[in-house]
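Both complexes shown next keep chain A, but they swap its partner, so chain B is in the first and chain C is in the second.
Here is the complex of A and B:
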């Protein structure tokens, strides 16, 4: 096994392969940092160019790009509260408040370092898991997928803070918004108002950019100040952020394991892994009151999970030919073009190729982190730019990003409409994030619920793994609610005492 | 003319209640496959919205002097210190700019509207000099051109003006 692993490393260290892996990683970082491009689009553009390369070279380049997108995503999430293209990123919950407080460097350092560890963890799991996990994946069906989506949705409790009822209402409205469009099971148009544009549902990226990012931009513009309230520690906190990752090594490893596992399950996506990890970080901490206000653990947890996901999602793609995401479908296409059929052959005839990919994922994460750490000073300096430059620049990115998915004028109208709504929610102190979480996870939950009920009737409710997840969700939700009530009571008592 | 900060949450709760109510009424007429999920969500949302309306009405009557909102750093932000009239006026101006950007994109195209927006925003909204505004707009155009035309050949929707000219 060691010999095969070394063969894989030799393939990756070939100057041509390493050079293109480096290039793919840098492209991935840029793509991740620029809303509006999207990792999947960049992979699709790259795909034809890889056909002329050797399989290990071409696919290593694609894997490098994919592995780095999540690291690049964290830059805009932390500095501007602009999420990644995959959906509401949990990193904004604490990373963005840290940047506002003048700790952008620390948040970025923590994000990059935890991304690297998560990515390497995912690669290691990929190396050992392919032969071992095959029977496990077969035990996971649509009922378990539904329960995982519900677990993601249950994070509403965690992210609503003390505005729990409002959070539930917003989350519910997000789920209803996610139901807009043609129902694939019955063909009924739900709340489309006769508009073909809405047949495929509301445009997720445009809604998210409007509802979350636009209100933040409007706030800077109104206040007329630069983004960071205190920018003194912006450039110096990077190493502190790196140290934070190692101070919370247990959390990083646990969240990496969560990310790898979610990546391993097809169809759940980065958003679920990020939010479950974020929820885990909150629930497992003794002083949860700091989350949402700029706690570095709120950055470390989702970042380690989303990078670990890449290694995890390669497992079903390589071993069973089941691509869990759109990006993995493109990797699968590249494999097929190169005459590599996923399945048992991958574990026998092409094992050195699998190990080359494992090394590619690990090395890409190291390159991405290295590049980011060396440029953190320059990146973090952006937030000190005057608002008359920053506000229109971010509005340009928001407008371009909104057009990313459907590329229709309606995207911009939705962005604007939801921007107004997001602003009203902000003024009224309603949490907007639960609505977006509901919007992303609603369709996944509904689709899996329908399939589970059609295939198994209601007997799926008695499946052991389903029951286990159900009990876990119930306990963690009740526990979180109790802690919210306690902290609410304590803060009111404290205020009364002060008076 | 302005809605007070206390009334805004009540209005939002009422809107949520209305939306959930409409969702229940419409979902009842759909086949089971299409209606079950929206109904299962809308009913609890409706109940929670009622709870929230009652809670907010209690707060707005001033029965509780100390609310957690006033002392929670998550819920409190810098905007609270600004007069609502000022926030409202600036919000209208900002959203008008964004609305103008959307309208201009539709009329003359994204690749022209975005640099123009940056140029005029710097010139009119922030009182910059013509030259500064022009350089700013031009740099945005160069950035968009390099990224979305040369590196990633992206096709944005056709503007109305092109549609009219091609007739």
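Here is the complex of A and C:
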């Protein structure tokens, strides 16, 4: 095994391969940082070039790009509250408040370092798990997928803080929005108003940018001041952020494991892994008061999870030929053209190639973090720019980002419409994030619930892993609610004592 | 004062100048008309799906190879317009794109199916769009013999075991093919389809896991993933839909030479050829399943340009590199006899969209009953 692994490393360290891996990684960072370009668009453009290269070289470049996108998109998430193109990123929950407080450098440092560790962790697991990859993936059926989606949704309790009822209502609103579209089982259109645009559901990225990012930008424009309240630590906190990652090493490793695990399961996606990790960070902390207001652990947890996911998500692609995302589908296409058909043979006959990819993921993560740390000062300084320059710039990014999927005017209308809703929620101090969580995870949960029930009847409720997750969700929900009640009582007592 | 001679001289010079300019113009025009239409031009492929999917890869494959064979070697760029199950981009192609030969779009059998179902929001008529190329897709069906106890095709007719297959959505040609063939034509009462699966790959994992025990997919993973399972005694391969020709005959695709077509499978089981309304509907669904993806132009595009592009595709078929790569990418080499020409596809689209009345009623009734 070690010999094969070294063989893989030698393939990646070939000057041409390494050079293109570096190039792919840098492109990935740029694409990740610019909402609207999207990793898969970049991969689609790269695809034909990889056909003329050696398989390991071409595919290493693509994998490097994909791995670095996750690192790059934390930049815009932290600085401007703009999520990645895959959905609502949990990093904005604490990363963005940190930037507002003047700790952009620290937040970025923590994000980059934890991304790297997560990425390497994911690659390592991929390497170690090779012999058990296929049985591992086959353990999880539709009932388990449903339970994972529910676990993600249950994080509404965690992120709503004291505003539990408001959080539940917002989450419910998100679930309702997630139900819009043509139901695949019955073919019935739900609230599509005869518009083909809505057949596939509400446009996630446009809604997210409208509901979450636009109100932030508007508020900031109204204030007319520089974004960070106190920007003294903007450029200097980077090393502090890196140290934060190591201070919370247990959390980083646990969240990397969560990310890798969710990555194994095709169809769940980055959102589930990020939010389950975020929820885990909140629940496992003794002092959770600062979460949502700029706690560095809220950055470290989702960032390590989303980079770890890349290693995990290569597994269904390589071992079964099942791409979990559009990006993976493009990598699969590149494999096919090179005559490397995924499947059982991949893990026996082409093992050195699998290891080359493992190394590519790990090295891409190191390069990405290196490049980012090197430029953090300059990146963080962006938010010192006066609002009359930054606000229009971000508005353009939001508009272009909304147009990513369909290139239709409706994308902009939706973004603006949900921007108004987001603004109202903001004024009324309602949390918008639970709505986003419901919107993304609702359809995953619904579909898997339907499939689980139509295949297994209700016997799926007795499956051991289902029961285990169920118990976990119940305990964590009750525990969280109990803590909220206790802290409310304490603050009431505190008020009484003061009187 | 200018002398008469001088005036004459300058007049002649000016005339000469104009003559030269005119000659130059004419010469230039000649040169321009001799240059191919597509020289220095840019063709946009409007893809009605997001990057990474089958439709996108199909368009990108053509975009990469085709410029070499079009006179003038234009550049081809891809523009993804996903959403609305592809209808948004197809509406755009039909109603808004200029018919100048510079916009080409992907039109899928999903779009054709939605037009046939007269779905609200569909504002195109595929029969009026010149088609230049098609990607033929063939599906084959197999089941878990270890879980169902079905080890020979004959067992299928006697089984009481619940057979569960999966599709992305009910009502598409692939779903209809399985449903009509298994339930109506073979008369297997215990056959059922579940809908909502993301793709063929997800269904194969569910199949290997045992959640599904019947599965249908394109031949892409036939050798790598399915044959090993046959060797292990876990899987029995049943039939393929096959490729239907314009004269109604159905043939096996090259990749699946050993797998009988649905028609042959029926003959083997019952000793006679299938017939009746259900079979007519099935043939129509096989046809719709075959022309999975097409490259089409806005209606009104000049015939000369359509011919030029179709000619380029005929030349592309002869390219050995195309043969090799398209087979690797799609599991079926996209050259005849495993693919259809633009003209053939056009005819088939007309047949699918103008079916005999009883065929259309049969399909609508089945979809509504679900």
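We take it that the second predicted complex is superposed on the first by the 493 of 499 C-alpha atoms of A that agree within 3 Å, B and C clash if a C-alpha of one lies under 4 Å from a C-alpha of the other, contacts with A are read in each partner's own complex, and residues count from 1 in each chain.
Keep in mind that, in the parts below, a residue touches a chain if its C-beta (ideal position, glycine included) is under 8 Å from a C-beta of that chain, and two chains touch if they have at least 3 such contacts.
None of the values given here were measured: they were computed from a predicted structure.
Chemist: Check whether A:185 is in contact with chain B, with chain C, with both or with neither, and answer first, second, both or neither.
Modeler: It touches chain B and chain C both.
Chemist: Pick one for A:172: touches chain B only (first), chain C only (second), both, or neither.
Modeler: first
Chemist: So, A:329: does it touch chain B (first), chain C (second), both, or neither?
Modeler: After superposition on chain A, A:329 lies in contact with chain C alone.
Chemist: Which partner does A:5 contact after superposing on A: first (chain B), second (chain C), both, neither?
Modeler: neither
Chemist: Given the touch rule stated above, what does A:451 touch, chain B (first), chain C (second), both, or neither?
Modeler: Touch partner of A:451: chain C, not chain B.
Chemist: With the two structures laid over each other on chain A, which partner does A:285 touch: chain B (first), chain C (second), both, or neither?
Modeler: In the superposition, A:285 touches no partner, neither chain B nor chain C.
Chemist: With the two complexes superposed on chain A, say which partner A:43 touches: chain B (first), chain C (second), both, or neither.
Modeler: second
Chemist: Give me the intersection of chain A's contacts with chain B and its contacts with chain C, in residue numbers.
Modeler: 41, 185-186, 407-408, 450
Chemist: Any idea which chain A residues touch chain B in the complex?
Modeler: 34, 37, 41-42, 45, 161-163, 165-166, 168-169, 172-173, 175-176, 179, 183, 185-186, 188, 190-191, 214, 218-219, 221-223, 229, 292-293, 388-389, 391-393, 395-396, 399-400, 403, 407-409, 412-413, 415-416, 419-420, 423-430, 442, 445-446, 449-450, 488, 491-492, 495-496, 499
Chemist: Across the complex, what residues on chain C touch chain A?
Modeler: Contacts found on chain C: 50-53, 56-57, 60, 64, 78-85, 87-88, 91, 120-122, 164, 166, 168-171, 194-199, 201-202, 204-206, 208-209, 211-212, 220-221, 223-225, 228, 325, 328-329, 367, 370.
Chemist: For a test of understanding, state which residues of chain B touch chain A in their complex under the given definition.
Modeler: By the definition above, chain B touches chain A via 5, 8-9, 11-13, 16, 19-20, 23, 26-27, 30-31, 33-34, 37-38, 41-42, 44-45, 48-49, 51-52, 55, 66, 68-69, 71-75, 77-79, 82, 86-87, 90-91, 94-95, 98-99, 101-102, 105-106, 110, 114, 117-118, 121-122, 125-126, 128, 136, 140, 144, 147-148, 152, 155-157.
Chemist: Residues of chain A touching chain C in their complex?
Modeler: Spelled out, the residues of chain A in touch with chain C are 38, 40-41, 43-44, 47-48, 51, 137-138, 141-142, 182, 184-187, 194-200, 203, 266-267, 316, 320-323, 325-330, 333, 336-339, 341-345, 405-408, 447, 450-451, 454-456.
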